[in-house]
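Reading through the structure tokens given below for one structure.
Each chain gets a letter, A, B, C, D, E and F, in the order it is written, and its residues are counted from 1.
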Amino acid sequence: MNAGDTAWVLASTALVLLMTPGLAFFYGGLVRKKNVLSVLMQCFFLICLISLQWVLFGYSLAFGPTRGGVIGGLDWAGLRGVGAAPFADYAGTIPHQLFMAFQMMFAIITPALMIGAFAERIRFSGFMVLMILWSTLIYDPLAHWVWGNGGWLKNLGTLDFAGGTVVPVKAGVAALVVAVLIGKREGIRSPRSPHNLPFCVLGAGLLWFGWFGFNAGSALAANGSAVGAFVTTNTAAAAAGLAWMVLDWWFNEIPTMLGVVTGLVAGLVAITPAAGFVSPLSAIAIGTGAGAICFYMVTKVKAALGYDDALDVFGVHGVGGVFGALATGLFAEKSIGGADGLFFGNPRQFLIQLLATGVTIVFTAAGTYILFNLVDLLVGIRVDVKEETMGLDLSQHHESGYTLVD
Amino acid sequence: MKYIIAIIRPHKLEDVKRELDIEEVHLMTVSEVVGCGRQKGVTRVYRGVKEVDNLMKKIKLEIAVNEAFVEKTIAAITRGARENETGDGKIFVIDLQECVRISSGERGGAAIG
Amino acid sequence: MKYIIAIIRPHKLEDVKRELDIEEVHLMTVSEVVGCGRQKGVTRVYRGVKEVDNLMKKIKLEIAVNEAFVEKTIAAITRGARENETGDGKIFVIDLQECVRISSGERGGAAIG
Amino acid sequence: MKYIIAIIRPHKLEDVKRELDIEEVHLMTVSEVVGCGRQKGVTRVYRGVKEVDNLMKKIKLEIAVNEAFVEKTIAAITRGARENETGDGKIFVIDLQECVRISSGERGGAAIG
Amino acid sequence: MNAGDTAWVLASTALVLLMTPGLAFFYGGLVRKKNVLSVLMQCFFLICLISLQWVLFGYSLAFGPTRGGVIGGLDWAGLRGVGAAPFADYAGTIPHQLFMAFQMMFAIITPALMIGAFAERIRFSGFMVLMILWSTLIYDPLAHWVWGNGGWLKNLGTLDFAGGTVVPVKAGVAALVVAVLIGKREGIRSPRSPHNLPFCVLGAGLLWFGWFGFNAGSALAANGSAVGAFVTTNTAAAAAGLAWMVLDWWFNEIPTMLGVVTGLVAGLVAITPAAGFVSPLSAIAIGTGAGAICFYMVTKVKAALGYDDALDVFGVHGVGGVFGALATGLFAEKSIGGADGLFFGNPRQFLIQLLATGVTIVFTAAGTYILFNLVDLLVGIRVDVKEETMGLDLSQHHESGYTLVD
Amino acid sequence: MNAGDTAWVLASTALVLLMTPGLAFFYGGLVRKKNVLSVLMQCFFLICLISLQWVLFGYSLAFGPTRGGVIGGLDWAGLRGVGAAPFADYAGTIPHQLFMAFQMMFAIITPALMIGAFAERIRFSGFMVLMILWSTLIYDPLAHWVWGNGGWLKNLGTLDFAGGTVVPVKAGVAALVVAVLIGKREGIRSPRSPHNLPFCVLGAGLLWFGWFGFNAGSALAANGSAVGAFVTTNTAAAAAGLAWMVLDWWFNEIPTMLGVVTGLVAGLVAITPAAGFVSPLSAIAIGTGAGAICFYMVTKVKAALGYDDALDVFGVHGVGGVFGALATGLFAEKSIGGADGLFFGNPRQFLIQLLATGVTIVFTAAGTYILFNLVDLLVGIRVDVKEETMGLDLSQHHESGYTLVD
């Protein structure tokens, strides 16, 4: 065990925990005043829920001794045997329990990312049931495939530095499915101004800060790989923020604050699978590409298709994630992370990335579709019109974000 | 000239504006208020303690119009704001003696629109 | 007695107050409103999508005055608020029947100032 | 019918509402305003620099009532809001010509309560 | 000296510093608009004040060479001799000055916790004097007894991983005493809606984040014990947040945002003394218990007794802290932290915990009672009615949190 | 390479990144509602811009192999050769790329500090061009002189622990120059109340938190020097916050929240160059001095001179920075940081500090003056009156911070 590595992964785990409150504010600032708490509540509920689920059985399902490459066994349920000693197959220099905790934070933020898609119209009880099922039946298996010891996608040689396939692609695709199935918000004809854009910016700042833990922490050590991931993360975010800004200027005469923070989040998403595998200059390319593609998705494609992905989870996380996963297969360099991508002479890697991403998309979409319908039948997922116009804060939580007169 | 004050449900603002536009009433002043009416209030919970709050969020419109527009305006607001339930709101009509457009100094009916 | 309601541009509040002070009109009530007028609205961009919002931020003044002060008040507001452009705002004058000073119970013209 | 506008101290809202309830006046519209009155303003300090701000936070009530309720309403507000000091606020009474209940279309005195 | 341990404790110290601004927002969001700055101000004043007091003499009183187990001598005043070399009796692998700085952050947040109890009605000058005296005459001696080398409670074998006795119990009890003595707020008949609940949630997020430093940092090393404390901390917070949510649902038909954040803070408080001594599954029990007991205190007992503990410092921190200190004596496991509790066959430990908690309560209550009356006599602790109705921001600080018209 | 050191500098780098969002809120809360986004936007734009500039060529200009002590060569452009191996001349125990990333965060926050001076009236396009030029032509060379291997001021023996000369002095002086040249805000006769003082306090909290990375991270290792810098940083901030509070009380009868946070930032600024060289007791002196001098500057001198430095960048950062740079020459102690100052018998050090500070002031002022006029000519730096009265959020970014009706 190495104290330096442990110190960095401890700090990283705390940083990734902070991302979910950051995300809560990033999303919370964008909705209307009457729904701000519902977004925060969903995020905090997920922190609490998954923290327990993971300790009780989630970690074991995702990372426990494999059952045929498909799912982990329950051998580690309740963290039995997951203690201070390192488990070398995952991380040889830090306590096994720390690896577990670090992964927990990923399991928390993935469903949290979806919240933006069905914001302002989901029933809290339906949300709860959906999330419990989704985390267990979709997230945990997929995590096992890509990251678990013996997982079949891992065995294929998929590159996914910090979970760009598992986390944003999955969240983005599931978000799209739910957004389409739950239907459009009532009476929203045009985008509504964010009720508190500074909150959104605060959230973006915390996300950027926390993402260093997400990506550089994924090296699971305080070493050159962590540093490399740190630098590519920062670089891609910056490039994507600027890319969005330039496109905003080009198409709308002026750069916007929301554009910059949206862009930078797209960049963070896209660099995630690639962080430890690519050079800083490739990170500029990936970031710029992510900014541009997500801009196009959100401004053009979404309008054309007409689904109501309230806060653009699919457009930013889904699309950015897919782009990043594929870009990893293009820009990876053996001298940096141990494997080459297409641009460095290894087309096979690109095909593997394509396959892994495809599998993720199909499995997530199908699973989410089934779960949604099941939960809708049993509990009901959408609030009724009265509750929606009144706002979810009052109707689902009997609270208001702010006082009007006090 | 009349000064019309309407209190409506917050989410009805767009509908009311659309109806007013149809009647060619484009000018108005809008603000957020809280209203205490016949409508049963909302339940609030604060750290496990429940209570009823009878101040509900509403939108207030103020519209100055010439006499000819009074009934049209009332009708348009009613169309846009109605859900046929307690809490839909009220319209108040007050006599307006003078109206001045600051930019031009125009007065009376000419200044109103 | 008259009840004067004025809608002005937000950044003109200080100028208007200064002009009113000169006319010895010191009492007023101020609030933030949004106004929909002849003034072309503002362009807003939300994640790359552009739209025009015709609700502009304005300041609303309410000033109760005795008859003798009505024209002075209108003139002072006009001086302070004018930029000679659409959007400068409006002044509305309503008849005021009674005015009560809560602290003393005084009524009418004596209570107004 | 009359349209009563009252400006009171913010922390007096609950007291005023209680007094109004006693008089069976339950309906009203409430908003936050800032008032500039005879009351000496508050001192503010900004990075070591002191200045006096004469805009004080107040609450504005708007209450439409039938003639029979006018004096009762004024009395109730006065009882609830009074601290016998400058800054207690003012009550303004305006003639109300028409009142419409949106949900039912009722008009006049019947719509007011 | 170990660089890895030093790295983690440096990071932890920064994290614990951040808890006080976090607390400021947690509390600040709950008060009325006109008092928000007074709460923030009190928190920041304490950060500044205790930072100096601790360097000048506080650390020496609390941790300096003992005078009969009762108080530290002034040998280390002005940090004389407290330098880069480790002081093995406290922490053998990090600079002594770092141990001092880490403890400083605890000395800051303890009085800050009390602020919620007397919020919206305390005179700032009285607050200042009270806090200076309280920190020096109550906090420092008690810290010495429990943590100081040779402190008499420490010698008895009290278990207190991260200060669950010293910090929340003390703050909670003192808060109750002050809340009762200062009297109820003017004209508050029913709970007032929080003026900005998102701020409160932001504060809770920062507290959770910072608490990793508080508890996992208390291992004073980047090792398995730190990791264990990290995991139990997260788990207990999650369990307590969910427990409160379920109770809210049960009694009030709906889960609330304020409920979840209140619950999770109760969980963080309760796990604090136990963090490095119990298993993650015991942490679930402790968290759930803390959530339930604090819910009961805040909703039922407080209403029955009728004191005005404005932001429930006693109900959440005091009660949660006492519960946690006792639970440590129940759930501790030798294989984890070196000592067994009642449930693992060692009833003596439970009795020690009971004694330590009892001593803390009695000493704190008596001392706070005396100091309050003294300061009230000399300076005056409560604002007059005018100042209170005007709001403390304007009356005590000549400022407002927000502009009304700008 | 040392994992512990790497862990701490990784964490520090993330902390320093967070300072710029912190600064955004510190400034953003102070402006009027209609300009809040413009301030946030400028801060985030700089994070993105400098992140790329630094990777592409900025780092190489500032730290690359020297060309005569005046500027670094482009040998390291695009981070060529800046990899996982340590570069011993800068930091022997952490990856070279990590040193680069840590320095990047300094390059970001320096121009960001200036934003407060010309807030509420700068054209965004002019701002962009000015910042690109300023960073490249003023920041990078000066960084080279003071910190670069072979830089001429470094060779002279200037003490500057964490960039107190390069960062705040430079930013403060440049801010003053721009504030004077751009002219006063329209219709601002007296200070405007901050539109959201809690945001300002939040920003101050994040700044304090992040500054631990800035100063203690500058040790570039997790060692006694880092710990010493950590403690002096905290102590000076506290002393300065209290100093301002006392002066506020003295001159204005009451302590203010804005005063405390302004003071503590002044303290953080002043201790920066001295952090690793002075004792905690000297830090109290430096902090107190900084609080007092900045108070005097902001309340008296600024009013007397009549320039409109909107958020007192010069008064707090410029003056605090100069004071700190000189105080380093007074209070430095060989036993702590390897060099003595005037008070410890080495007047030469004070003269060197004087020279370095003087050079910084002259070079920055002259350079900023030229760049301002150039950019004003080419792009235009000030918005027109219409745009200014409408607010920069709407006029420069087509957005509003908050909804009025939603």
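Here is the rule we go by: a residue touches a chain if its C-beta (ideal position, glycine included) is under 8 Å from a C-beta of that chain, and two chains touch if they have at least 3 such contacts.
Note that this is a predicted model, so its numbers are computed, not measured.
Common neighbours of subunit C and subunit D (chains touching each): A, B, E, F.
Note on connectivity: the fewest steps through touching chains from subunit B to subunit C is 1.
Following the contact convention of this document, B, C, D, E is the list of chains adjacent to both subunit A and subunit F. Looking at C-F alongside D-F, one finds more C-beta pairs in contact between the chains of D-F.
Centre-to-centre separation between subunit B and subunit E, using Cα means, comes to 49 Å. If you average the CA atoms of subunit A and of subunit B, the two centres end up 43 Å from each other. Rounded to a whole number, the gap between the C-alpha centres of subunit A and subunit D is 50 angstrom. Centroid to centroid, with C-alpha atoms defining each point, subunit B and subunit D lie 18 Å apart.
The multi-chain contact residues of subunit D, meaning those touching 2 or more other chains, are 10, 30-32, 34, 44-46, 50, 55, 94-95.
The set of subunit A residues that touch two or more partner chains comprises 2-5, 7-8, 11, 34, 192-194, 196, 202, 222, 252, 254, 256, 258, 397-400, 404-406.
The touch graph of these protein chains is complete, with an edge between every pair of chains. Those residues of subunit C whose C-beta lies close enough to touch subunit A in the complex are 44-51, 53.
Here subunit F touches subunit D in the complex through residues 190-194, 247-248, 251-252, 254, 256, 258-259, 262, 295, 298-299, 303, 312, going by the rule given at the top. Interface residues of subunit E facing subunit C in the complex, by the touch rule stated above, are 404-406.
Interface of subunit B with subunit F (complex): residues 10, 13, 30-32, 59.
Residues 3, 17, 26-31, 62, 64, 94-103, 105, 111 of subunit B are the ones touching subunit C in the complex.
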